[in-house]
Amino acid sequence: MGVIGATGYTGVELIRLLLAHPQVNLKVVTSEKNSGSKFSDVFPAFLGLCDLELEPFYPVEVSKKIQVAFLSLPHKSSQEAAAKLRERGLKVIDLSADFRLKSAKEYEQWYEKHQYPNLLKEAVYGLPELYRDKIKEAKLIANPGCYPTSAALALAPLIKEKMIALDSIIIDSKSGASGAGRSVSVDLLYSEVNDGLKAYKVGTHRHTPEIEQTLSDLAGEKVFVSFTPHLVPMDRGILSTVYAKPFRKLKTADVLKVFKNFYKNEKFVRIKPEGSFPNTKDVRATNYCDIAVLYDERVDRIVVLSAIDNLTKGAAGQALQNFNLISGFDESLGLKLFPHVP
Amino acid sequence: MGVIGATGYTGVELIRLLLAHPQVNLKVVTSEKNSGSKFSDVFPAFLGLCDLELEPFYPVEVSKKIQVAFLSLPHKSSQEAAAKLRERGLKVIDLSADFRLKSAKEYEQWYEKHQYPNLLKEAVYGLPELYRDKIKEAKLIANPGCYPTSAALALAPLIKEKMIALDSIIIDSKSGASGAGRSVSVDLLYSEVNDGLKAYKVGTHRHTPEIEQTLSDLAGEKVFVSFTPHLVPMDRGILSTVYAKPFRKLKTADVLKVFKNFYKNEKFVRIKPEGSFPNTKDVRATNYCDIAVLYDERVDRIVVLSAIDNLTKGAAGQALQNFNLISGFDESLGLKLFPHVP
Amino acid sequence: MGVIGATGYTGVELIRLLLAHPQVNLKVVTSEKNSGSKFSDVFPAFLGLCDLELEPFYPVEVSKKIQVAFLSLPHKSSQEAAAKLRERGLKVIDLSADFRLKSAKEYEQWYEKHQYPNLLKEAVYGLPELYRDKIKEAKLIANPGCYPTSAALALAPLIKEKMIALDSIIIDSKSGASGAGRSVSVDLLYSEVNDGLKAYKVGTHRHTPEIEQTLSDLAGEKVFVSFTPHLVPMDRGILSTVYAKPFRKLKTADVLKVFKNFYKNEKFVRIKPEGSFPNTKDVRATNYCDIAVLYDERVDRIVVLSAIDNLTKGAAGQALQNFNLISGFDESLGLKLFPHVP
Amino acid sequence: MGVIGATGYTGVELIRLLLAHPQVNLKVVTSEKNSGSKFSDVFPAFLGLCDLELEPFYPVEVSKKIQVAFLSLPHKSSQEAAAKLRERGLKVIDLSADFRLKSAKEYEQWYEKHQYPNLLKEAVYGLPELYRDKIKEAKLIANPGCYPTSAALALAPLIKEKMIALDSIIIDSKSGASGAGRSVSVDLLYSEVNDGLKAYKVGTHRHTPEIEQTLSDLAGEKVFVSFTPHLVPMDRGILSTVYAKPFRKLKTADVLKVFKNFYKNEKFVRIKPEGSFPNTKDVRATNYCDIAVLYDERVDRIVVLSAIDNLTKGAAGQALQNFNLISGFDESLGLKLFPHVP
């Protein structure tokens, strides 16, 4: 088991989870920038807990040591890494955006030209609550983005049950600062983010086509959505507030019933009782997605709120869920995480 | 000049602004709980800057000393205070919700039975950008709520110009913790709010009818909106992300032009250039409302973002703007506040 | 196993840890204020994870169900609860301050008259790194305070090795807001604490005699210290910066060696390499105490920095360490907690 | 009037203050990185308030337009800029560390070789409360560092009155993140700083010799101090907790009297009443230094706490105080800043 790109926030979150996983023997952790250092030199929180040496990523060497690789690399770098590891027979769980869009053309439109369009066909979108069966057979998993995870789980029951007008969907999402990664930028300095709030990339964020792809797949027709991301002064967490027009008047209890039924066997989706709303703090550092629903009869509109931890259910936790699935383990192995309060 | 109810967050913000106002002589500051203490005992930030003694509120005594009163009282208490001061001829600027709704019936529906329905008729809704002329003549001003201010300024140009479908309006608002006031509650403890995000009172917040009243007045017909407030881990600020369906396809530049024209003479509304979005931190402790607009052609929807400081433009700053108007002063007197960064 | 007083911050932290403990079957969770509610109603983070009903505390009933009780009660209430449970033969781990001071007289001086002075004699101070052998035999454990834990671990090696002048000790401590508990107070509102920093109870904090008691016990003579607590805008964590005059000139490496040797068998104390300093964030929600030492030759003074999580090593984690010891389990059972970054 | 280096945090704070100063006409704002942009492009908070174009720094051009220059440049760059502007007859207020140390040798020891040692002789250390008369005549002012300001004001009365043992001084300082400047570094990312606390550069921070220089000057003999800086998750503010041994037993009231007398004519130093302690939030974005004193008889030690805003009294505000002094204006002109709560 190895983590390729171990020193970003999703990398370190993967390692936190892998260290606690009873069936995992973490052998390889790579970093170009910090190679030669110990993992715990870069993240002193792990002093004595993970003192593995960070190594540069050499695909041939790596493929001799491990059978499954998690890639936490910047997009584009991930493409090549995945290709080389797949060539050597490894199973790959990629946490970048590189294999999430099925269409090379769409990838090019929102990112740039894809270098390995053939691999796009092989990749399975790793959202277990929706694609569990396919994931079990996958060799290359495109681990979903954080915003798309929160949006898809909030909307899947409504779309599957054909309850809402597909052109009425608005996703207003709010994320903690770790969503922007561990790379330096003036905009992400403490004093820029603290005690303020802003939207960014309104209508143009790259997670938009990923969200639309999943919703379209569920709907059986092309879906377009309004998606607005915001940056909130907190470390972790995404709260998505989703609005949609129902086809007919109903009651909150009706919507609730649909959600409870849709997710009745899911260990990581928790439906809130009527009148209670999720808080990102309740799911922090856990793999849960907390969902509340409301039918607002004054305006004949459904509101769904979903909260996840962007680094856990929105990245590393979900990757581990996928790992468990492709490995034949219990899906929640190593993921029974109890939240701390506060 | 007096502040009735000086020890809440809007009270202390009023006093900050009044101390800097060149035409104001602050004589009375009241507090039931802290009467007998100096203002600076309760707020040590004002040591040497405002050492006035807090007194209990006796309408008769107060009316001998001042001509204009700001009321920063809890709703309901404000009704009686306003009535007694109006009886004695004082002009009253009320920062509570007590005189904002024109209809006593609607007030009863969202709050409780109104004690002074006659005063509702006298009250003028104090949003200068929309009701400047009426305000100038007013004796009793209902100072707008923080959310309603941010929503009304974001939507007024679109509704006035009849650009949007009135049943398509969604207002997703995010507020800092001071919006909940300075009263104790476990939910507002530092460790409950910090590093988390949640929505609250979804579809049921009392600012909803106030927002709808203003929009309806602008539209000339009854408007209903989806309104979702969120609590953000920051002291001050409201960001409202507003969605609406336009009647026809257009361009962002078209929307921008409408907004720039609508607010061309306004000193406290700043329209952001295309592609740039407001940050609550940019308006912190100032009276500005920063607005950005976007037409998202992918989904044929307009997005408007407005940022204010909930305690300044959303409360005390706007109250001072109203005070200037009823006093015949320059509207921005004492309100040329330069933001600090960070 | 039961938690008496489950709805404060130490209570909920205990429950987080107990749920993950392989040898614990949590049967009783009490709360006077919230009795009748489910634990997860009060803490929605635990929805589906701990839905036990909160019950009022009836000692007789409780003593039929469990053999060991954790008390997370306000001081004074704890005295009576402990007495009643001890009468019925239960082992008690008390997280309040009620049994920490050996001297009833000193307790009276800093708190008020002690109701059960006889129990003070029975109580063992539960700091395992210093009193492990006594703890193993204890029936009533006085679980240390958060500040005293961070101070004692920082100073024990220096005092045991007689390296410092006992009248030169200064402990400058900084704590997150959860240290003040989950009770309402204007001073602890989000907007009061956020983006600010202050000292409080300078020279008069009740943890002072507790710190001095431990240091005196180690020194074999009465020790007095300067202790200054500060409130930092963060949820969890204590950083203590400790200053003392050495008896002779030395090198940082010498001090480091003493600390490494003193704590060489300790699983929860991590000594930082020279030139590296602890961050409370590195120990958040874990049971670690990270310590750095420095000999500053310019001023001939030793500086020790210790970081703990006030709710874990400073309260519930340490309580569980004590529980493991009195139960004959591995001391770190259920306490192998991997920190999340960020 | 010009600000050379306008896009760091001290630069933008200077501009905030200069815009509000009744005698200042701001003509020049420079930035190498952002030249050609408007100031409000870089800091959108200033949209409509300061839309001056940022220009590269050409000393000759600049000296034609202004008589006084504020330098907010990185150390070393400041040396050359100051030299060139002084050559052309401008008065210079330098906010870097380049002219604070009188001794070129000491500068070299803590920084690197000084390029203009002659200018060191000309420079006056700009702490008005201690060196007002010299400042009035100065042409080149070395504006004090933030930590040294808070330390010097806390210790000056004690040293001047010869009340404390000079080898007993410990300064435990805590600063908000803006103290580290607006330059990119992983360590300063929001998610690294938020919800954590650490010390840094313990015993080796470059402000140490600056602190010692002032204290030595006051004492008339060489003083060495323990100085420990900490990084606190807040934007602005420094709290210094200072410990020292008095020569004789006394009472808090005695110490208080000395401080009140020492600062009796100072507009920007506020002495707290006994038992009350400063909060950085109370001085945020103002030029005040709030000081509390305590004699702790249990340990025979004096504790002084001083709070300033690192960017105002610790940088730009003090620079403006100095500007007023060299310009013959009232020292507090443009500095009557009312704090906002919260």
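Note that the chains take the letters A, B, C and D in the order they are written out, and that residue 1 is the start of every chain.
We adopt the following convention: contacts are C-beta pairs under 8 Å (C-beta built on N, C-alpha and C of every residue); 3 or more make two chains touch, one makes a residue touch a chain.
Just so it is clear, the model here is predicted, and its values are computed rather than measured.
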Comparison of A-C and B-C (more C-beta pairs in contact): A-C
Chain of greatest Cα-centre distance to subunit C: B
Euclidean distance of C-alpha centroids - subunit A vs subunit B, Å: 38
Separation of subunit A from subunit C, taking each centre as the mean of its C-alpha atoms, in whole Å: 36
Computed distance of Cα centres, subunit C from subunit B, in Å: 45
Per-residue multi-chain contacts in subunit C, two or more chains: 9, 176, 178, 191-192, 194-195, 233-236, 278-279, 281-282, 342
Subunit D contact footprint on subunit B (complex, rising order): 9, 12-13, 16-17, 19-20, 43-49, 178, 194-195, 235-236, 270, 272, 276, 278-279, 281-283, 285, 290, 311, 336, 338-342
Parts of subunit B lying in touch with subunit C, wherever the complex brings them together: 9, 176-178, 182, 184-186, 188-195, 233-235
Interface residues, subunit B side, partner subunit A - complex: 167, 170, 172, 174, 176, 191-192, 194-200, 202-203, 208, 224-226, 228, 230, 232-237, 239, 241, 243, 277-282, 284, 292, 294, 296, 298-299, 301, 303, 305, 307, 342
